[in-house]
Structures are given as structure tokens and as C-alpha cells.
Amino acid sequence: MKSKIQMTKISNFFYKIIDAGDVWAHCDLFCGVYDPAQARIEAQSVYNAMKIYHMAKDDASKQRVVLIKEQRAELVKHHLWVLWTDYFQPEHAEKFENLHDLFWKATKAAGDAKKSVDPADGQKLIDMIDEIGSIFAATKDGYQYGPVASNMLGQAK
Amino acid sequence: MKSKIQMTKISNFFYKIIDAGDVWAHCDLFCGVYDPAQARIEAQSVYNAMKIYHMAKDDASKQRVVLIKEQRAELVKHHLWVLWTDYFQPEHAEKFENLHDLFWKATKAAGDAKKSVDPADGQKLIDMIDEIGSIFAATKDGYQYGPVASNMLGQAK
Amino acid sequence: MKSKIQMTKISNFFYKIIDAGDVWAHCDLFCGVYDPAQARIEAQSVYNAMKIYHMAKDDASKQRVVLIKEQRAELVKHHLWVLWTDYFQPEHAEKFENLHDLFWKATKAAGDAKKSVDPADGQKLIDMIDEIGSIFAATKDGYQYGPVASNMLGQAK
Amino acid sequence: MKSKIQMTKISNFFYKIIDAGDVWAHCDLFCGVYDPAQARIEAQSVYNAMKIYHMAKDDASKQRVVLIKEQRAELVKHHLWVLWTDYFQPEHAEKFENLHDLFWKATKAAGDAKKSVDPADGQKLIDMIDEIGSIFAATKDGYQYGPVASNMLGQAK
Amino acid sequence: MKSKIQMTKISNFFYKIIDAGDVWAHCDLFCGVYDPAQARIEAQSVYNAMKIYHMAKDDASKQRVVLIKEQRAELVKHHLWVLWTDYFQPEHAEKFENLHDLFWKATKAAGDAKKSVDPADGQKLIDMIDEIGSIFAATKDGYQYGPVASNMLGQAK
Amino acid sequence: MKSKIQMTKISNFFYKIIDAGDVWAHCDLFCGVYDPAQARIEAQSVYNAMKIYHMAKDDASKQRVVLIKEQRAELVKHHLWVLWTDYFQPEHAEKFENLHDLFWKATKAAGDAKKSVDPADGQKLIDMIDEIGSIFAATKDGYQYGPVASNMLGQAK
């Protein structure tokens, strides 16, 4: 098994970049770690749950899907709210004029996803998070949102 | 602001790949969405908290760091446990012989990180998650763990 | 003990008003129950904790205060986020132009309260919630925010 | 928008009263903030959920109602238990002889509400919390329970 | 390793008793599973945390102890409240006249344990839970509380 | 009511044993309190829920069962994961060669129990926890797992 070695190589590569200077931006706030991946991952679960709902054959399975979808959509809301309040700063709100509205609509879309079993509503939520993800990337040097989304698309039902 | 347009382009690109056929593997299980990014993100918080502990000037701030580190390390454990139990299957355990031991040591490392304020203990935890991440990537076509880790390294204190 | 009788009288009075017709507005959404009291109550705990921090004589008590303050401030954020996303609708955002900004600053103030032990920061948070409470009352016929706030002021340290 | 100004006026009014002396009682205990409003708000959600259950047209919506009702009834129990254990003191138990029994029956009523979709069971729970609320008010100078209940009645389905 | 075989023997023994008829009483309620062991286990953690507090050498460790003690004491309260409200019935309250008072004092003792680092306060809490445990055993044929307590005493610091 | 006196006697008996010396082993780790009873109790709830599912007459009751079963099975997983990571040490893994595999399969069985309403799947989970319980007992002098299991069997539906 050679995964250990491969990773070590990758890590060394990363650290070189880090040590090299100011290439990588980082957050100046207290806790300082944010990633729209958290909301995106849960949104994929919501979307997949909607697809599975229609495949489920018995009542108990459908009930589970509704329950899991509810929990995951709640986590989407939480992760989005945290990004909005804790990560984004006045200068971002100035630069991205629709920032507040986008987060409002995205968290409302997560609420709508709780009430729906239509995968189109899940897709709408994912699209909004992807838009937030690309704004996030635009504010953070070196952060790549593309792979975050593609890692999830590869797990779509 | 052109982020919307850029993202749409990326999305279209992804969907083309998805629609193209079997290029992207996905999980056959019920819920079907897994991503070691979840554990990696929380581990970065643990590491950063350790660094911040030594910079904090008053007792109340240090107490907050201990509290946040405890919560984040618990989340690391949870996300790792979920990966181990829910994602990995017997065929993976056969292929990656140290799978159980690696998860055992990684979750123990998260426990050790609760007890310590030495960033080296946080780094040890991150290294183990990176190793798990690379194994995960090796089992999932199209999943890239590299950007997941580099997105976090860019946010290291 | 005559409290039972008194309450019954009050209840009858309320029900008469309810039954009387359309005097009381109510939410048309799914779950339909919202009350800024939830955020206001937790904010009072945050404020009181800040006062108590300075009265506490031993380290263990101070540590408890920091912990409880952190939890309560997190609950403030949660209750405010729920109000913002779930209760308020586009027509409200149009009428109260600073709605998004007010919620953003109020939830940021809750974050600041986690980092501070200065009661002035707790007061700032309470003031913003009181402003939200008065907007809420302005959108809901028959809702009184005044007593919600005064019930808490009576419990201030 | 004049809500800001109105609130400031109200606040000043409250602070004058507070500053005036001993008019407002407050709790002598550690954390010191209690309000039966917390249980009352969740109980309204339970009651509304019961009403909505019978209006819901599809299975998935009914399943959501059952789930939300369960969570809200659990919160009712929690908030009542906290009041009973943390707020009420031996002198209250002496004065209000049925205090223990009332809390026991009210928390049991919350459990019954989990098992039922009959709004009458939700009303029974609300009535008991209203009785607790009036006892609470009787023990705390300046606290008004009436508006707490009427704020909720205005949101009844 | 012969543990598997031993357990199978024990299991068979239990099932024989179960199958034999009405020897084992069981709860008639919905969920039907209760065990004072849950509260007793967490109370032991509270007690041990108090002992460890005085052994801890650095501030960060003491802060962790305060945090863990707080969480565990909260779990004690929760498990006791559940027993009181969900398991015990009017016929029990009639037979054990101090039932309500005992639970009130035990949950208050859990609250006191949050505020204290004196192991004597932890012991007081354990004693009350042991008293509840013996009442529980007296209401449930075949339930043994003795081993529950001794399993914990063996883990006391 | 003589339960108080009986318990005091039992307690004295236990303390004598404790005070007598090294008869009772205890954990050397930080927190130091572990008991497979926690997982076993929740597993009994899962099993009972499965039985109740088939007795339930209306949809709302069945939905509740699915919900409660999901929560309880999640708690089983959590308690098992904690035992595996926090309690068991390398020397145990060496002595009980199937330790990792047993925990992996037991937590997977808890996941399977979420997806099933067949009591046989609940029994499979219980059997694995009983096996873990007997291993735990074999590593801890004075700990009795038998009564833990029999206390639950007496509450089986």
C-alpha cells in the first residue's frame, strides 16, 4: 500500500508553498477556519435523499429519508449561517452586493428542501451553495471551490 | 460581479462529465455521501486553536480555546468514526490492511489533542487524517483529496 | 392558592379574542410559531454571565461562566438566524430596509460576546435584539415585545 | 422606519424603572435567568403541528409533522424540567403545594403529546404550562405571564 | 479467546428465563426501556472529574475538567428527569411518598455538582442516585441495582 | 419506606471493598469511566422499537417508532465508538485479536438496524454488544456484565 508515501509527498509540496511566504491568504479572525464544503456536503445528502425517496419501496424507508433529509437540511442552514455571520466581513458585503440576499435565499432554499421531495429543489439549493462557494473562493487566495463541488457531484445519486 | 457566470460554467462542465456515463463512481449504500473533508476541516480548527492558545493574553480567552478545541476534536472523532463504519466496506479493509488500526490511532490522536495544547499533537492528527483521505481517494474514482487538504493548509495559523 | 383560577380567567379572555375573528394575525408558513423572546432570554444570560465573571472568586467558577456564556451566545445566534431565514419574508425586507444588516450585525454581536467578558458587549447585543423585537412586533398584529424585554430586565444582574 | 426610535424610548423607560431601586426582583442564583416563555413557545409549536397534521395532504408532510412535534415536545419537557429543578426553591414548593405534581403532570402531558395528533392533547399541555407560568409570575415581582401567552395565542393555527 | 462462548451460554440462560413465562416484569409504556445506570455512570464521571481537578497540574487541564464535569452533570440531570417523568407512575408516587422530593433534590444536587469541585458534592449526588436506583429496583421484578453501582465503584478515582 | 436504609447498607459494603485495597481495578486514563451498559440499553430500545413497529396501528405511531429507532441506533454507535477508541488499549487489541473487527461489525449492525424493522436485526446487534460486554468484563477486575444484560432482557418487549 503506497498511499502513505504519496500523501507525504503531497504534504511536503503543500508545506513548501506555505513556507514560501505570503502566497496563501488566511483568515485573521479568532477561530479562522471556514470552508463552504461543509454546507455543500450536507446539501448533496439532501439531494440524494430526495432521489432515494422515490426509489424507496416501503413506508419505513421513506420515513427514514424524510428524517435524514430534515437533519441534513438543518445542517446546511447552520453551516451557511456560520459562513455568513462569522467569515464574511463588511468589505466582502461591499464587494459582493447580493451577499446578504444570496445567503437569505440559500438558507430559505434549505428550508424549502425540508418541505419537498422533488430533487429539483435540492438542485436549486446546491446551485446557490455553489454560487456562495465561488464567492468564498474569490475572497481567499489559494482556495479552490471547484474540486469541493466535483467531489460531491461524483457522489450524486 | 462575475462569480455567478463562472460557477455556471463550471457546473455545466461537471454535469457534462456526469451525464457522459460511468466516469464518476458513487457509493451504493443508502445515504451515499462521504467526504474526509469534514474531519480535515475540524482538525484544522483543533490545530489552529492550539496555536492561538499560546497567543491568547487573558484567562477567559484561553478557556474559550480549550472549550472550542474540545468540541472540534469531538467532531473530528465523529466524522472519522462515520467514515470508518459507514463508508468503508470489507473489500476496502482487505485491500488496506492497516485500515482499522489507522482509524483507531487517528481517533485516539483526536482524543490526545483534547488533552494537549501542543500544535505538534494537532499536526499528528492532521497527518493521520491526510493518510485516511488519500486512502479514501484511492477507493473513489474522481475524488481529489489534495485540494481538500490544501484548502485547509491555506487557513493554518 | 388562587393562581389556577386567575389563569383560567385570563385564558378565557384570550380565547374570546381569538374566536372573535381576524383580530390576531398569524403566520401562514408551515410551522408558524416565532418569538424573539427566545433570543432575548439567552442574551440576558450572556449579559448576566459577563457580570458574574467579575464577581466570581475562583478559577473554576470563571471557567464555568466562560463555558455557559459561549453556549448561550451560540443559542442567541441560532434563534436570530431562524427568525431571519424562516420568519421574515421579502415584503418585510422591503419595508425594513436594514433588516439583513441588522441581523448580520446582531449575530456578529453575539459572536463578539463570546470573546468578551465586558457587560457593555452584552448590552450591545441586547439592544440589537430589542430592535429586532420591535420590528417583529410591527409585522405581527397583537404581538407585544415590550413585556418580553421587561420580563428579562427584571432578571438582570 | 421609526421602529428604532420607538424601541429606544421603551428601553429608556425600562432602565429608569430598573435604576429606580428595588422595584424589579431578580433571581439570586448563579445563572439567574428563567422564563416559562421558553416552554410555552415550544408547546404552541406542538399544538400547531397537531392541527397541521390533519391538513397535510401527502405522507412526507405528515412524517415531517410527527418529527417536528417530537422535537418540540422534547424541548417543552427540557424547559419545564429546568424551571422545576433550577428556578423553584423549597419556599416555593411550600407555598405552592401542588408544584411537584403539576410539573410531573405537565412533563407527562408533553410525553403524551408526542404520542398523539389530537390538538386537544396539545391544548391540555398548554393549559398546564399556563398554570406554571402564572405560578412563576406570582413568585417574581414585575414578571408578566399574560403577554407571553397572548403572544403565542396570536400564532395559533 | 473464549469470551464468545461464555456469553452465548449466559444468553441462553437468560432467554430460558424469559421464555419460561412471567418471571420478568417489563414496562407497559411505549418505549419501555429504563435504567438508572445511565444517570449513575455519568455521576461517576462527575465525581472522578472532581478528584482529577485537584490532581491536574496545568490550567488547560483544569479547564477541561470543568467543561467535562458540566456536560456530565447535565447528562445526570437529563437521565434523572426522564426516569422521573417517563418511567414512574402514580402508583409508584403513592407507594414511595418522597419520590418527587428525592428527584428534585437529586437533580438539584447535579446542579450543585456543576458549581463545585469538592468530591463530597459528587458523592452526595451518587448517594441520591443510588437511593433512586434501589427504588427503581423495588418496582421492577428481576432488576438488580447492586451490580450497576458496584460496576461504577470499581472505576472510582 | 425502607429503601434508603437498605441502600446505605449496600453502599457501606461497597466502600469497604474499595477501601480494602487493590481488589477493584480502575482505569488509568483521564476520564476513566466506561460501561458497555450505555450501548446495551440503547440497543434494547432499538429492539423494542422494532417489535412495537409491527404492533402500531396508525401511521403516526409507526413514524415515531422509525424516528426513535434511528436516534437510539445512533446512540448505540456513539457509545460503541467511545468504548473502542477511548477505553481499549493496544494490549487489549493484542489479547482480543478480533477487537477491531467486532466493533466494526457491531457499529455496522447498528447502522443496519436503522434500515430495518425486523427484530432479528435488533437481536443481532444486541448479541454483538453482549460479546463486547464480556470482553470488557474480562479486562476489568470486578466488573460484572451479566446483570447489565439481564437488567435489559427483563425489559424486552
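Each chain gets a letter, A, B, C, D, E and F, in the order it is written, and its residues are counted from 1.
As a working rule, a residue touches a chain if its C-beta (ideal position, glycine included) is under 8 Å from a C-beta of that chain, and two chains touch if they have at least 3 such contacts.
All of these numbers come straight from a predicted model, not from anything done at the bench.
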Original post:
Can you name the chains that touch chain D as well as chain F?
Top reply: A, E
Original post:
If you tally the C-beta contacts, which comes out ahead, B-F or A-D?
Top reply: B-F
Original post:
Based on the averaged CA atom positions, which chain is farthest from chain F?
Top reply: C
**OP:** Can you check how far apart chain C and chain D are, centre to centre, with Cα atoms defining each centre and the answer in Å?
**Re:** 13
Original post:
Can you give the whole-Å distance between the Cα centres of chain B and chain E?
Top reply: 36
Subject >> Gap in Å, rounded to a whole number, between the CA centres of chain D and chain B >> reply: 41
Original post:
In chain F, which residues are in touch with two or more of the other chains?
Top reply: 30, 59, 63, 67, 115
Original post:
When you check every pair of chains, which ones turn out to touch?
Top reply: A-B, A-C, A-D, A-F, B-C, B-E, B-F, C-D, C-E, D-E, D-F, E-F
Subject >> In the complex, chain A residues that touch chain B >> reply: 1, 3-4, 6-7, 10-11, 14-15, 17-18, 24-27, 30-35, 37-38, 41, 44-45, 48-49, 52, 68, 95-98, 127, 130-131, 133-135, 138, 140-144, 146-157
Original post:
Taking the complex as given, what residues does chain E use to touch chain D?
Top reply: 30, 77-78, 81, 84-86, 93, 100-101, 104, 107-108, 111, 115
Subject >> chain A partner contacts - residues on chain F that touch it in the complex >> reply: 53, 59, 62-63, 66-67, 70, 114-115, 117
**OP:** Over in the complex, which chain B residues touch chain C? Could you list them?
**Re:** 59-61, 63-64, 67
